Structure formats: C-alpha cells, structure tokens
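There are two complexes below, and they share subunit A, which is joined by subunit B in the first and by subunit C in the second.
Let's turn to the complex of A and B:
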C-alpha cells in the first residue's frame, strides 16, 4: 500500500482521541451510579490498569512486526484457525464501530435534534468518516494533530469556566463507598475504553519508529485517561454524584452549567464539538481498521472499494444493534466478558502463538508482509 | 456505448443534485423564531380532580419590541389541564397560536396545594425533557393562585417573569432572606437523605382584579405588585410551611448564602436609636463531630462589614465602640441562626441545612447507621455556633451626624 505512516506523536494523539471519543458521553453515568462520589477514583484505577494492557498490546505489536492483528493471526495460526480469530476480531471492530456511531446518533436525537430520525444523523456522520478513511491513515493522523488543539482548548475552556461552580463538598467523603462498588465501577472504565484500545493494533505497523511507539501509547493513555477521569471528577464536583448518575449525558449537563456573569451561558453546544470530533476520530480509526482488516482477510489489494458498502452496512447495523437506550445501558454494564475476550484473551493467545512461532523459526524473521 | 455515456453525463448532474437532499435532513428539527411561542414562566398546580393545571406565560414579541406604548399586554397567558404535565403542555396547542418553546423559561411557580402534596412527580418532565434548561428559579405561590400571580402586569420591567427573577436575584444578593433555587438543586436535595430543599415564595400584594389589566401600570404606584417572600420548608418533596424573615436569614447564614445584607440593633438600651451594619461578605463552614456517639454540628461564620447607619450619639473613633458593634452584630446573627435551627428542628423536623450531608462528609461510618432515620436524629442534634464579625470601616463619616446633648 502507499506511503501510510504516522509519527509516534500522531499515534499518541490518536490514542487520546480514541480514549475520549464516546467514552466521554457514556462513562461518567455508570461510574457515578456504582461508586457514587468516588467514581473519579475508580476511573483513575481503571485507567491505571490500562498500562498493563498497553504493555501487552505493545508486546504483541512488536512480536507481529509489520503485520497488524489480522495479518498477524493469519500468519501465526495459519489460514484456517487464523482466519477464525481474524473473523472474530473483525466482527468485534465492526460492531464496536456501529455502537460508537449509535452513541453520537443517540446523543443528537436525545439532546439536540429530537425529531430527526436517527438514520440521517448517522448517514451524514458516516459520509465524513468514509471520506476520511478513504484518504488513509496518514491523513487521519495529520488531521488529528490539527484537531487535538481545538479539543484541548475546548476542554480547558470547559474546566476553566466551571471553576466557580465547583462544590468540594460533593466529592466528600472520599473512599467511603464499598471497595466492591469501586472496583465494579473501575471495570466500566476497563470495558470502555481501555479494552477497546486493542483496535489500535491495526494501525501499529504504520507507526514509524517502533522504539518510540510504546512511549507514545503510554503517554496517550496517561493524557486521554487523565482527561476522562478529570471529566468524571468535574461531573461529580459540579452536579454531585446523584445527578451525574441521573443524567444520560452528564457532560452535556455540565457544559450547560457554564454561566459567566449571565452573558456567557447556553454554550453547551460549543463544548459538544469535543465529542463530535473525538467520536469522529474514534469512528474513523474503527472504520479504517474494519475495512483494512476485511480487505486483508479477503486477500484484496486495496481496502478502498470496501468503504462505501461497509459504510452502508454500518449505518444499518448501528440502527439495529440495540433496540433502545435501556438495552444499551444494560449492555454497557454487562459487556465485560465480551470485551475481555476480544481485548485480552485473543491478543494474549496471539502473542503466545507469535512468540512460539518466533522461537521455532527464528530465521524467518517477522518483516515479511504476507 | 455513446448513449450510455451521454446518459451518465446527464444523470450524474441529477445524482449529485439528489445527493444534496441528504444535507437537508439537517433542517429536520428546525424551528423558526416566528413559529415559536417563547414561554418565560410556567405555573403548575393541581386541580380538585387531581389533574395538573398548567399556566404558561408567553411573551408577545411585537409588544416587547414596540417603540411606542401599546395597549396590548406584553405577555399572554395560556392554561390547560391534563393527567400528566406533558399532556397539559400538548393540549395547550389547542389554544395557543404557536407551539410553546420552553428553553427560555425563567421562572417556575408551583401552587401551594401541589407543593403540599409533593413536587417530585411534577419535576420529572422538567428535568427529563431536553427543551427545558435548568436555569429557571423554582418558586411557590404563597397567598394567591398560580394563575393570579402570573397574570399580574408589572411596572418597570415589561415581562413579569423577568421581573420576578431579577427581584429574587437582587433580594438574594442584597437582603439575603430568600434564595433563588434551580431545579437540579431541588431534585438533588430531595433525593439526598441528608438535606431537604427550600424554595422561595411569591406574594401577590393588592387585588388580582386590578393586577391583570394594563391599568395596573398606568399609575406610578401600581396598585397590585408581586413581591418575593421568605423561604418555604420542605421535607422530602412535600412543603410543610414557611420560615419568617429572621429564620430565612438565619438559614442563609448557615448554608453560606449571605453575600450582602443589613443588620440593625439598638445602640444601648431600647428606644435610643439604632445602628445599622452592612454585611459585605460572609463565609460559612458546617462541621460535624461525634461526641459520645452523638453528632454535634458546629457552624462557623466569618463575616466582614461596615458601619452603615448610626442614629445615636456614640464615639465611633474608639476601637471599643467598633468592638461593641461587632459583638452585637455577632449576637444578632447567632440569634437568627438559632431561630432558624429551632424552627427546623421543633416545628418542621426537617433538615433544610444539610447537616446530614455534613455528617456524611466527616463521619461516613456513623452516617451509614443513621441515614435511614436521620430526621429523628436531626431533631435531637446539638448545633453550636461560632460567629466572628469584623467591622472594618464606617463609611465616609468619622462620627455620627447626631448633635451632641
């Protein structure tokens, strides 16, 4: 394929965007619901365990060399078993992409454009995503470099203007919820977005300077996870844990709380740009990974012809993937085994296989692209 | 071949044009300003049959923008009844010329009977629906029906809802016997086990018959006016009664709401003229401790003020005099807080100050034990007050203007 490389810095930005995208909408509510005012601690705990997963993914990425997850599993486990694993992984990515698309659609239809049917929001959003995926990962990486500034500025803006509304009483007493509920809440964070990071392995071969890639991934986790925890922290500080748990989109409620001397208010929709952009990038990564993976699965030369039909499929899948929001809320709570299988067990299996294979045939190396 | 190419050449244009249609879906939920009836105040009450009766105050844009005085009122009222609030709102389209738009809502008035019955069921829609923002004040109609209060035409400020909102803000910041509460605060207080909400009351002063006609604002002294009253006490989501002015102020001291207020007391003995102290800022901290297994609440207030008004002959140049004024001010603040706590503990048995939450913050283990029957414990909880007032300045005069002798 053509020159499709991203720098470690761009990869770090993509990790940050990937972590914030869609989690910013769905994570604070279950965190506050299970761990009450300690939800932000659970978030930090969950993010910290992310380090282990990043190390695992990095090790796997190095072991696979120039191959991404799909090529790697076919290479390691052969045409049949490898393809079964690849199939599961692709289905995981594709379903995740449809869920992420549905997140932004649900948000728009719940808060902003209530009468507009979901399909149209999805189609409009998907058009841009297809366009971006068509241009390739290099363009996506560069645009991430541009947009990260805006996202950071808007988040800073949000945090800064909320400082008058902070209510320190809301997070007290610290560490008073039961350890069980705190761990339970941190599992939510491990679910979404930590284990989803496995998808980034699809981009890993494109990262220049592998030596710096691990560094970039860890920094991305630190910044992205830190921001996510900070957002939860602010939700609880401003709204209180009870209202955070009561709101479907506490971050939007948070943004609507900004009121500077009565003239700077009602600007929540500007803050909403943060998740429009982050979800866009998350979706582009997922979508690109899905298209690329499927083209490699089918031994196609180029993934681009797949983009349009896959996009159409994604719009349909995102509508039927769950019937109502209550279903989704239950799904988010109970999805851990599914995510654990795709985000932990399969990569671990692949890593073990790759290491054994490397030991047996050290001369073959890993640089050959299938 | 040529035919197909020709067809493609023509149809491509049409296809591209059709593809633009998808962008039109962005206008799906569009609502133009001239199709909206902008609601500024909403009144909710229960009818005798148990249904909701809803009164909405909608602004008349042409009257607000008019440069010349007109004879038409600046706002219009619409009423509807329904089994649920939402039904009542939708039924209103039978009467109103436009669909009512609630995002600019400034004021919510709850009828007293609804408040006594429980407000939480009525609040769900207001917090759930995306059209309602959370930036409106929650109030209670104290001595008149919701409809009567909403139909008063106010002088000075054209839109009555804005008038009430501004009055609440001004009174809260400068007089501190009231508090403008928002819906999320009320909901969070009701749902919390360690605090009960308060809301401010609205009084109708004068007769409603004159208040609802434009004549009301034709004379400089409008015969019917709307006035902000003191705070109402809730327990869970039911209103129990009202605090008086001193108790309301005491409440605001305790929860730290006092920004600016005035305190006055006699100079020496009764009837010798009074001194007024202007409080400029105050800080409150509620702390909880366990003493012999029983919670003790201590309220610490630190306030700063100026001598505002002196009606008697005292020597203001002496530091002792200012100290005397400080002590009396402290005494007055303490008295008000005690009155307030007494009313909450003995009359209403409802923890409006959030003492329960303070205990939860400091003694979470103890709180988990008493949380369920906190109201019973609250009544017996000891409250200590520690007030420190600093009088820094005395205005532009060195001594009272009072003549000696």
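Let's turn to the complex of A and C:
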C-alpha cells in the first residue's frame, strides 16, 4: 500500500522528536508538583521503565512482521473482533492527535501570538501537517534528519546560557520526598510520552533493516528521555520546584531567564521554535498513523484522500476536546488508565494473540497481506 | 476545434517534407541537384560547383556547400583542387572513380558515405561539403565545418580569483574538447544526439564510464529521446524537459560555463549535457549543496574554502529570512528586541506612514526592479541606474520619511546576500520565496515563519534529481560525505567521492598521502 521506507537512523530521530514533542513543555510541571525537588529523579525512573515498553512494542512489531498495529489486529483477531480493537486504537490515536494540536494552539495563543484566534493557529498548523503526511513517511523521516541538528543546537544553546543561573540549593535535599510521591511522579512520565510510543508501531513496518530497529528505538528513548530529564533537572535547578510546579510552561519561563551581557535577553523564542518543530513531528506521526490506519480499517487503497477531511475534523475536535488549560492539567493526571489500556493492555493482548496464531499456523505468519 | 485543425495541417507539412526527403539519391546528378535546390528554396548561400572529371570519360560531378558554414580554404585545397586537378588518372574505369575519390583522393579526416537525401541535406546544413557524381547512387560528405565563433574567452558570469579563467563557447565541439583536455581518460564517453525537429541541434552527453551510475545515464538518454520540440536554442529548453518534478522553484539541473566545474562533476559520477549554440552546459544529478559550492572552494586552501562555504550558508539564511524576520519581530515580538535597540527602532519608525510589511514589500519590489534594469541596460547607462538606486531610492526615501533607515539596511543586506551564491539559479527561488515568507510573517509572525520553514524543508526533502534525493547528503544523512559539504577537508583527506552519485566507484585516493610534519 505504502512502500515508503525509513532508515533505522531516521526512525531513531522520529522517536526522539516524538518523545520531546509536547512533553518538553508540559511534563516538568506535574513532576515538580508531585515529587518536588526530586522530580528529575522520577523522570529518570519513568524513562528507564520505558525500556520495558519499548521491548514489548518491538516484540509485537516483530511478531506482526510487515503489518502495522491495525493490519495486525485484524489479521490476528479476525474481521470483527480485530476491527473493534482497531477502532479503539484509531480513536486513541485521533484523540491524542487533537490533544497535541490543542497543546500547540494553547501555547501559541497564551504566550506568543496572543491576539490570534485559536482556530486559525490550528488551521495553519494543520495545513503543514497535511502537506507532510501527503508527502509520505519517507520525506518526513528525511526532514527529521534536517531538523534534528537544529533542535539539538538550540537546546545546547539553551542549556549553555543557563549555566550561570543554576542554583544547587534548589535540588537539595535529594531523595527526601516520599517514595510514593516519587513513583507517582514517574507515572506521569510513563503516562505522557512513554505509553504514547505505541503509535510508532504504525510506522514499524516501514523501517528498513529490522535488526537495527530495536537498537534505534532504545537509543531514541535514551536520548529523548535523557533530554526530557535534563530539562526537568534544569527547570528545578533554576526555578526551584515551587515555581516549576506553578507554571504551565516552566521551560518557557526558564528561557526567559537567559541574559547574555545585558543585551541578548528575551530569547525564549528558542524554546518556542524547538517546541514547534518537535510537536510538528509528533503530530505528523500521529496524523499519518491515524489516516493510514483508517484507510486500512476501511480497506482503502490509499490514505491520501482521507487527509483533508480528517484534518478538518481534527481542527474541530481540537477546539472542543477540552474547555481550558486548567481542565487539561487535571485531565492529564487522571488519564493513566486509558493510556495503560491502549499503550499496554491492547499491545500485550495482540502480542499474545499473534504468538498463538504463529504457533498454530507457522507458515502463514508473515505472509504479506494488503 | 480551430487549434486542432491547425495542428493537423502542420503535421501534414512535416510529412510532406519527410516524404520528399526520405528518397534515395537518384542516378542522375542533375536530378539530385534540382531536388536539393528546390528543397532549400534556391537558397542564396548554397554553393554548387559543377565540374567534369577525368577528361577522357567526361564524368560529371558537383561539389556543394553552404557559404559561411564551411572553412573555405579546406574546401578549396582539399576538395576542389583534388577533384579538378589531380583526380583521377586516365586509365581508371568509370565504375571505380567514386571509390578512387573516396579511398585515396580526398585528404580530409572525416568522410561519410550516404545514399539518403535527408541525411545528405542535414550534413550540408551542418557545414559539411558534399561530393556528388553522375550515375552514382552514393554521395560523399566531407567534414569541412568552420565558421566564425567567439573563441574560448574568459568567463563573465562565474569569475574566480584562483583557477582557470576559460569558459565554454557556443560551439559544441570546442566545448567537448575543453572537457576532454581536462580528463585524459579513455573512459570519458561522449554520446551524440540531435534534438529539435526544425533546428536539429547537436547535443552531447558526457560521462565517465565506471564512475557514473548507468541507471542515471540510461534514464537521461530516455528522457532526451522523449523530447519532442521544434527547436532547442539554449540548454534551458532541455533543462525543462528533463527536470524531475516540474513544479518546484528550486533548480534540479546544474548549469555552468566553466569547464573545470563540469570536469569536477564528471569525476563525482555526474553526467553532463553539452548543447550546441550555448556556453551553458548542464550537469545532472544536481543536489542542493552543489548550488552552494564553487569550483574555487577546491583551489583555495581548505580552511578558507570551509569558511566561505559556511558564509554562503549564512547568506542563504539571511537572503531568505531577513526581511520576514524583521517584519515579524517589529510587528509581533517586540519583547525579543533589547530595550535600547527597540527605542532606537521606534524612533526611526516614528514618521513612517506604513506598517513594516508594506515598507518591506515596497523596498524589496524596488530592489527587484533595479536589479532587472541593471541586467538589461546597456553598459553606458549602467551607472545611471546605480545613482538612481543608491541616492534617489535609498537616501531620499528615508529623508522623505517613507521608509525607515533600518529597513533600508535590511533590504540592502538581503540583496547583497543573494549575490553570494555561486549559482545564479539558486538565487531565484530565494528571491521568490522571500515574498511568501514576508506575507506569512506579516500575518502570523514567527509562528508563520517557522511553519513556512517546515513546509520549505519538507518540499526540499521530497525533491529528487534523477533518483538521487535532493537534500543528500544531509537527508538521508551520509556521515562520510560530510567532509565535502559544509566544510571542505584537505584534498588528501577527501578519501571518497560522494556516494549519492558515484556509489559505483567511490575511492578517490588511497588515503596515505598526507604530508608528514618535518619530512624531507
């Protein structure tokens, strides 16, 4: 159907961008709110558990062969039950995409383009996302290679110029918060970027050289998760846990602290650029996965005709998906069971089903179906 | 309906012409001469010299050439003199006269035999001299091409400080010779073609066998063969026919008039297309980075080569984004500007009646007009344009309070930056995209610029030139090719050719020739 391929390196970059996108701004707040000055430790703990999920996803990806999640569930559980599961998974991806789109809209309209209506911010962003999804995952992978250097450079500048502002007292005493709150905080990390990685299974069949794919995914997790933990660490070090917990976008606040020779200040736009680029890739992956999955669900030959109508729907859904930022913050905290179902239970179920099916029909397991 | 009718009559014309010419050569000399004369419409530059050879047998013959396209001395000395004075001896039989002339009489390097009238006419019109005999269905064509051309001169559009100064000319053979002189390798292939139904322009495809990708060569030949057009007057005609996706402002075919750039491209496994009648030679596959590199990067030392390449990249960013960034920051993101500078800017803009966007569009449009006028104007009035541009539009516009001085600086910097690229055709998309980015900046600020940038990079990443990704070796990333993209390693460090175009034969040097410190 779609024989675009991406190299393991490009897949790794997409994993990094997927992890950082949207999490870079919203993860430090709940971490600092729950675990105070130990939020960065919770972040590292949460990211480490991500390894288990990556291994699960990789195992599932291998068991499904050249099928993605949607094709796999239809193949394993048959036309009816499989389609029910596929439908739930697609709704998960689509809703997640609308949340991510709303994130960028909220950020832009509250921090940078205050007079611009939310709708137009979303529409402009969606136009570029649709363009990207139309060009296919191969082009997206290549542009990820182009942008990752810039993102890394901008983040490096951010960290470098913040070093004079570091306040070691802010993270002391280390390991003083309750284990329960530390684990609770690491659950928010598992909740927000880690379990969402299940969507990457939709791209997994397109990765060349399957042997290196697991490696690429783990490295992507290490770099992306490491950067997120580093950002949380810097937020707490510079702002302190209280300010971090109070702020909706602590890293944006963080960047506004930069002051070089009393002249170069107010360069928090760097963060905005990094965030726009990373969230763009996250949204493209989600949107591409949704469009591709829906086209496979409906047995269509091509996902491209779906892009425009789905995009219109997404803009509307992103406006009505939650009423305001305060609602969103509560929502993110309580959404864990839903994410666990889609990011853990369904993949596990599918993996077990796929393994049983393989055992029963060992020769049909990896034959290519449309 | 009307158009269709016209088209069919045109087709009929062509068919008639073809049927008249596809004929074989007649036995009667006069018959042949009449047909040729009639076909050319009694052209005034057609010279027909009738003669009687071999006085005893009274064989009639004729020599034909087009005045102005042939080298008259060689026609005189090596054809007319030989045929009329020396050839052939008395005792030879009538049947052997033709063979005698062909095999041992004419002292000319390139002689072709043909019996088709259309082929004969094409050769005549390309500057060859025809020899026809009575009672003979074959004819000889001697290559006596020679016309006034410009000669190899110094390049005007791509000048360098260090490096060869010669440039291609309008004559195909001279151009292929210039390349051949640089690459004395038996594997250099020069394939000839004729393109254009009316002009029958000579086109040569050059590549190094064993280094160039055969699939690219094959694909290029296929695309060239598919071209159906009446005339090819410049390589630009061919460029538009062989480009990959036709709808993109970015150039996907490289052109240059420097033989050394072409030779360098051939060494990297690319394929050159030389068109008769133009000094601009095409080179495919062309990647984005090729347009940012000059052959001088390789002649100057590697450190300055690297510095200049980085400078070009920087100018590319300025030329593309500077005006839109200025608009976005002064209109939406004043908090990004340090306070003293902001006060300064605000004071400058105080009397200006337009918003920054209108101001910028006015100035940019003025500059584009000035630039176009500068290119077309005769040299004598060129200085008038610069005075008008510098004084009237810059100085006076500021004094009249129509634009702010800062905007003049921004526009000037943008303009200068767009002249930094070694390739003129990479400046074209930059000039055009600048305006769309300015519109995005005026409506959505930095948000719009970043989204425009993302769309731009997506577009660039989706392009291909003859199957090679346009942004290679950045995307897809090829780590070992980075030595010769943004930076240039010393020549002893450039171990391999770029794998995007020369993956068949990558090894450039053995890699053990780095000069040792203190060695004697």
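Rule of thumb we're sticking to: the second predicted complex is superposed on the first by the 367 of 370 C-alpha atoms of A that agree within 3 Å, B and C clash if a C-alpha of one lies under 4 Å from a C-alpha of the other, contacts with A are read in each partner's own complex, and residues count from 1 in each chain.
FYI, contacts are C-beta pairs under 8 Å (C-beta built on N, C-alpha and C of every residue); 3 or more make two chains touch, one makes a residue touch a chain.
What you see is a predicted model; the values in this text were computed from it and never measured.
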**Asked** Is A:242 touching the first partner subunit B, the second partner subunit C, both, or neither of them?
**Response** first
**Message:** Taking the superposition on A as described, I'd like to know which of subunit B and subunit C A:343 touches: first, second, both or neither.
**Reply:** neither
**Asked** For A:9, is the partner it touches subunit B (first), subunit C (second), both, or none of the two (neither)?
**Response** second
**Message:** Looking at A:265 after the superposition, I want to know if it touches subunit B, subunit C, both of them or none. Which is it: first, second, both, neither?
**Reply:** both
**Message:** If we overlay the two complexes on their shared chain A, which of subunit B and subunit C does A:142 touch? Say first, second, both or neither.
**Reply:** second
**Message:** Quick check on the superposed pair: does A:112 touch subunit B, subunit C, both, or neither? Answer first, second, both or neither.
**Reply:** both
**Message:** Is A:124 touching anything from subunit B or subunit C once the two structures are fitted on A? First, second, both or neither.
**Reply:** both
**Message:** Residues of subunit A that sit at the subunit B interface in one complex and at the subunit C interface in the other, please.
**Reply:** 112-113, 116, 121, 124, 127, 265-266
**Fill in**
Residue positions on subunit B within touch of subunit A in the complex are 22-23, 25-26, 28-29, 127, 130, 133-135, 184, 187-188, 191-192, 357, 360-362, 364
**Fill in**
subunit C partner, complex, touching residues on subunit A are 7, 9-10, 108, 112-113, 116, 121, 124-125, 127-128, 131-132, 135, 139-143, 145-147, 263-267, 269, 272-273, 276-277, 280
**Request:** Spell out the residues on subunit C that touch subunit A in their complex, using ranges where they run on.
**Result:** 332-333, 335-338, 444-448, 450-451, 454-455, 457-458, 460-462, 469, 471, 474-477
**Complete:** subunit A contacts subunit B in the complex at 110-117, 120-121, 123-124, 127, 169, 172-173, 176, 239-240, 242-243, 246, 253, 256-257, 259, 265-266
